[in-house]
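In what follows, chain A forms one complex with chain B and a second complex with chain C.
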Partner chain A sequence: MSIDVKDTAMSALLAPAPVKTRTRGSWLWLVNPRLAVGLVILAVMGLGSFILPFFAPADPSIQATYMRNLPVSPAHWLGTNALGQDIFWFLVFAVRNSLTLGVLVAVGVTIIATIVGLSAGYIGGRFERIVMLFVDTFITIPLLPILIILGALIRGNTSFLTVGIIIMIFGWAWDARTVRSMALSLREREFINMARFSGANTIQILVREVFPYVMAYTLVGFINTILFAINLEATLAVIGLSKIEVPTLGSIIFWALNYNALFTGQYVWIVAPIVATVLLFLGLFLTSTGFNAAFASKRGVS
Partner chain B sequence: MGVARYVAKRLGLYFAVLFIGLTITFLLPRLMPINPVDGYIGQIQSRANGSISAEAIAELRENLEQLYGLKGDLFTQYLSYLQRVVLNFDFGPSFTYYPQPVSAMILNALPWTLGLLLTATVIAWALGNMVGLVAGYFHKKRAASVLEFVGILLYPIPYYILAVTVLLLLAYVFPIFPLSATFPVGQMTPEKFGMILYNSLLPGITLVLAGFGWNILSMKALTVATTEEPYVTYARLKGTSNWTRMTRYVFRNALLPQVTALALSLGMVFNGALLTEMIFSYPGIGLVMRTAATGGDYNVLYGAITLSIIAVATAGLVIDLIYPLLDPRIRHR
Partner chain C sequence: MIRLNNVVASYRTGRGSINAVDGVTIEIPDGCILGVAGESGCGKSTLMKVIYGDILSPMTLSSGSIEYGFADRRGAPVTSETVQQEWFRRISYVPQSSMNSLNPVIRISKQFIDFPGNDPDKRRVLDKVRAYIGKLGLPAEALDAYPHQLSGGMRQRMMIAMATFFQPELILADEPTTALDVVVQKEILMLLMELQEEMGNTIVLVSHDMGVHYQVTHRMLIMYAAKAVEYGDSDSVFEAPLHPYTRMLISSLPTIGDDRARQGIPGRPPSLWGELRGCRFADRCPLATDRCRVEEPALLEHRPGHFAACHYAGAEVPMGGAQWQ
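Up next is the complex of A and B:
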């Protein structure tokens, strides 16, 4: 079927860069240049954004803490913005909040997608067709307009967590499709039949035989979902429809654009979040493709 | 025979997507704890400095509910909603620009969005596939990995970052384009047309860059896989030139999954286009949506989202229906 071709395209897309160094018997098989670079970026940004807030002199989301529009100085590493907030600390909190949201959404999405995808792929038949119809629909429907309506309706009356839950509800379809196509290919494998003939029931086969195999893909999918969630929340925030008082990678750009940072020449306000976002996204992307390459090479070895 | 089944299956999916999409659009606002009518009444009340009497408000509510199809129980509302939307493409009047009908507002904005989106998508797709093909076909050469690096760098960057960066670089650091573009309306003259084209370049560049990265990466991966197929080796042993092998043998086969990928990613591309329009104040559906969202103009929002769902689903359908023409395997199954 036409649509299934996408899966090969996707997995092909996610498995570039054959790994050159293969070391048996140690965890070194995991290391390839992409993964290393990605993990280093993630470690620096992750640790930094989670540890630094403990040393923050003031909550950066409170306005008018400092003088407005201060230039870059030892006291304010990136200056302050037109709202009297320290840009550096706002950015640190933004990376932390965005990462937290991304990880939470990814946990939820992975759980939903794994349950839906595995059951559809493994049970098959009419159940699978109906489930896949829903999945395809969710993939095809443009997400942003729906989120814009939701954002317009609940604006101001929502918590940051609600935004995460909404993203979760609309974000599971892609992953479910991937998991299901893996389950499909697994359904025909010998070791699954072996387990079945040994008297294992469906649940046991899913948990003991299928899931460990799927684990590697799940990890890659997990990182991609973090990317997706951070991106979506930031997108909503940039157009002012998320919880924009909470510092995130999107809300900082929303405020900068709203206060015409470009016209007033406060380019640090807008360049800093751009650099941070690009770094974070590059880190996540390199980690996910790096992992994928590593797992692919491992499967090739064994 | 194969084609008939393929088309039937695809049409089934199309109608299912439309049905589920319209149902979600209908249900979402009604499941929300917030009632738009209350919002409207509040707005009118505050404009009149709270001088409206209780009876007048009751009457106002009655009329508003009538106007926005909120009368009766959920099922009746749903039926009349489907009837209005599917048969008449009628979303009622806009609240902010009363009594202008929503459908007219949306149809005015549609050509703008379509023009920008189609041009940018075609360019990004064609360019990305060509670069991806070269990067994949010569993947053992150093220069090819530079091409791939461009893809890696571009792909994970979100649309809004690309948009703001393009704005920063091409309108602020190198002031080639205006920081806030103007799009003249009304009678089209050659100067106006040139101005529109010029001012559309920034959002266009953003969309092309965003689509470019993904196309490079996926085409490169597909090309690498196709290059290792036995028939390509056979063609090499047969003595065909590098160029012929790359274009005739590898490209045509690697392109097929890219066509389906394009159909499936249309929703994403469309999201990106909406966002780009909002950031660049480009007068398409995206800007209509943003204005409606900030002004609480819900009829316009529902109209715009319904149109988006129909547009994306239809475009996907068209691409998938063209597919059998490209892939003989479906025709001869």
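Up next is the complex of A and C:
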């Protein structure tokens, strides 16, 4: 078959084909300054906290390994605390544990929120109403009081994993609602209709058409959930409701407060975890907003 | 041949049911371009949905049936219940606005090969697609682009390429050129005509623009307030329209040398709520008599292959009045 473009005007228009083609597989277009700084901070903290523990001279969670309350020195970079633990190594383990918890919770929350939100928003009807009843219930439950009660009930018997699961249970609802609202608006878009008209079924439409649209948000939401999880665990630990023997960013602060680090002049003990937490949050925040900006530029005008 | 037998499509709402297409009976011969015209709300798009088989709540096919004239893979004739299996293979759809019909975050090539049931060898499919869009006047690089990197005309060509890739027997085009400027519009229409000539399939083209219909179509269906009011060969319809509504539509077209001001048809179509008696155009018709307001005209064959639903269609009533010129 041959179909010629008869009009010269159109063929002239088409000939130069001003289509920018990015090199496939290259992710360089994603990087903006904000994202770069965020990723560098995360890389340093992440790699450092995951590689350094292999070189730890002793398990920092064991008490009375060293002399108590030693000042900053080449042997103990941040000194030792009132329990005879090396503050630097305790901090390294704490960052590792907090990050692990945050990432695991974020993976769980993102998967649950995406599946629930996408299906509720796209399928709609009675299914959506029932699902959203659960989502709204979880959103309206006052989080902290419930956690304090739960913490008081399982105090001392809880494992680090349980803390993670509890944070997951209370963390997925907001994201699910956001994803659902995106799916809700996508459902009415013409390209979803076209996918349907070409014979795609609901699962195919969700995976191939809706998810790529939601994915950018999902990544940002994932990072925000890491923040949320670390934050919440720290909160629980500071008030002594988490597994306080495990080094986390919160449990350092708990022990420091418990031993009145501020009044005894052991500022390093309490300032170091706070600085680490702020740095970690800064890295996550910059990465999340950096990704947001990058994906917005990818979407272009549409 | 596609046969619509007394198709009634209604929307169920809280206030009750409303018939957006009310008893349309026509036969669409194979290998023709059928134009559907009428003003907003006359049931054009609903008729398209019914023919395409996209009958979803709150819309229902309350009575009537559609014979598609082709059999499915098991050999049974395709009906409104099974036509969904044939989507994009035997019957396809070119949407109104190509702007929104491509997923903005996915490359065109991926959208093209994501059609279900395609050849699993993606590279071979992609080669075929590349060759095909070349024939439709699109550069091969357009496949690697995101939709927003293409112009409106290129996007609409791409949609047409997707809709015609499997050489379907029936293509429904719901105002395919509405969002485009007249130069691109003409090219898109010519592309559709060339494809139709080559594949010998049937195209149903919905448009507000009588000029488009005059250039493109072989047969015309004029709808008014959910009813088919005139149906016939385009030549016959444009040369000698039988229904006063069609005449008024056609007389709204400008002709060279005629510099008289054009006027709209005064009044509005009747609300489809409540009981409708007589001819639905009677309130706006310069020829209406008491008979029109009481007795509903049937769609009758006044000339061979030319149907109209008007009591005074056969009689050559002089239409040249001051009402609409």
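In the analysis below, the second predicted complex is superposed on the first by the 273 of 302 C-alpha atoms of A that agree within 3 Å, B and C clash if a C-alpha of one lies under 4 Å from a C-alpha of the other, contacts with A are read in each partner's own complex, and residues count from 1 in each chain.
Heads up, the rule we're going with is that a contact is a pair of C-beta atoms (placed from the backbone, for glycine too) under 8 Å apart; a residue touches a chain by one contact, two chains touch by 3 or more.
Just so you know, these numbers come straight off a predicted model, no measurement behind them.
Report for A:Val31: first if it touches chain B alone, second if chain C alone, otherwise both or neither.
Neither chain B nor chain C is touched by A:Val31.
Have a look at where A:Ile123 lands relative to chain B and chain C in the superposition and call it first, second, both or neither.
Neither partner.
Return first, second, both or neither, reflecting whether A:Ala56 touches chain B, chain C, both chains, or no partner chain.
A:Ala56 sits against neither chain B nor chain C.
So in the superposed three-chain picture, is A:Leu282 touching just chain B, just chain C, both, or none of them (first/second/both/neither)?
Touch partner of A:Leu282: chain B, not chain C.
Examine A:Ile169 and indicate which partner it touches, taking first as chain B and second as chain C; both and neither are also allowed.
A:Ile169: touches no partner chain.
Does the superposition put A:Ile112 against chain B (first), chain C (second), both, or neither?
neither
With both structures superposed, pick whichever of chain B and chain C touches the larger number of chain A residues.
The partner making contact with more of chain A's residues is B.
Between chain B and chain C, whom does A:Leu143 touch in the aligned arrangement: first, second, both, or neither?
In the superposed model, A:Leu143 contacts chain B only, not chain C.
Can you list the residues of chain A that touch chain B in one structure and chain C in the other?
Touching chain B in the first complex and chain C in the second, residues 1-3, 5-6, 9-10, 13, 15 of chain A appear in both lists.
Taking the complex as given, what residues does chain A use to touch chain C?
1-3, 5-7, 9-11, 13-15, 17, 19-21, 189-191, 193-201, 204, 208-209, 212-213, 216, 298-302
Which residues of chain C touch chain A once you look at their complex with the stated criterion?
Residue positions touching the partner: 52, 54, 84-85, 87-89, 92-93, 95-97, 100-106, 114-117, 135-139, 141-142, 144-151, 153-154, 159, 162, 183-184, 186-187, 190-191, 194-195, 198.
Residue numbers of chain A touching chain B in their complex, please.
1-3, 5-6, 8-10, 12-13, 15-16, 133-134, 136-137, 139-146, 148-154, 157, 227, 231, 234-235, 238-241, 250, 253, 257, 262-263, 267, 270-271, 274, 277-278, 281-282, 284-286, 289
Contact residues on chain B for chain A in the complex?
Going through chain B, the ones touching chain A are 6, 9-10, 13, 16-17, 20-21, 24-25, 28-29, 32, 34, 36, 148, 152-153, 155-161, 164-165, 167-168, 171-172, 179, 217-218, 220-222, 224-225, 256-258, 260-261, 263-264, 266-268, 270-271, 274-275, 278-279, 289-290, 292-294, 296, 298, 301-302, 304-305, 308-309, 312-313, 316, 320, 323, 330.
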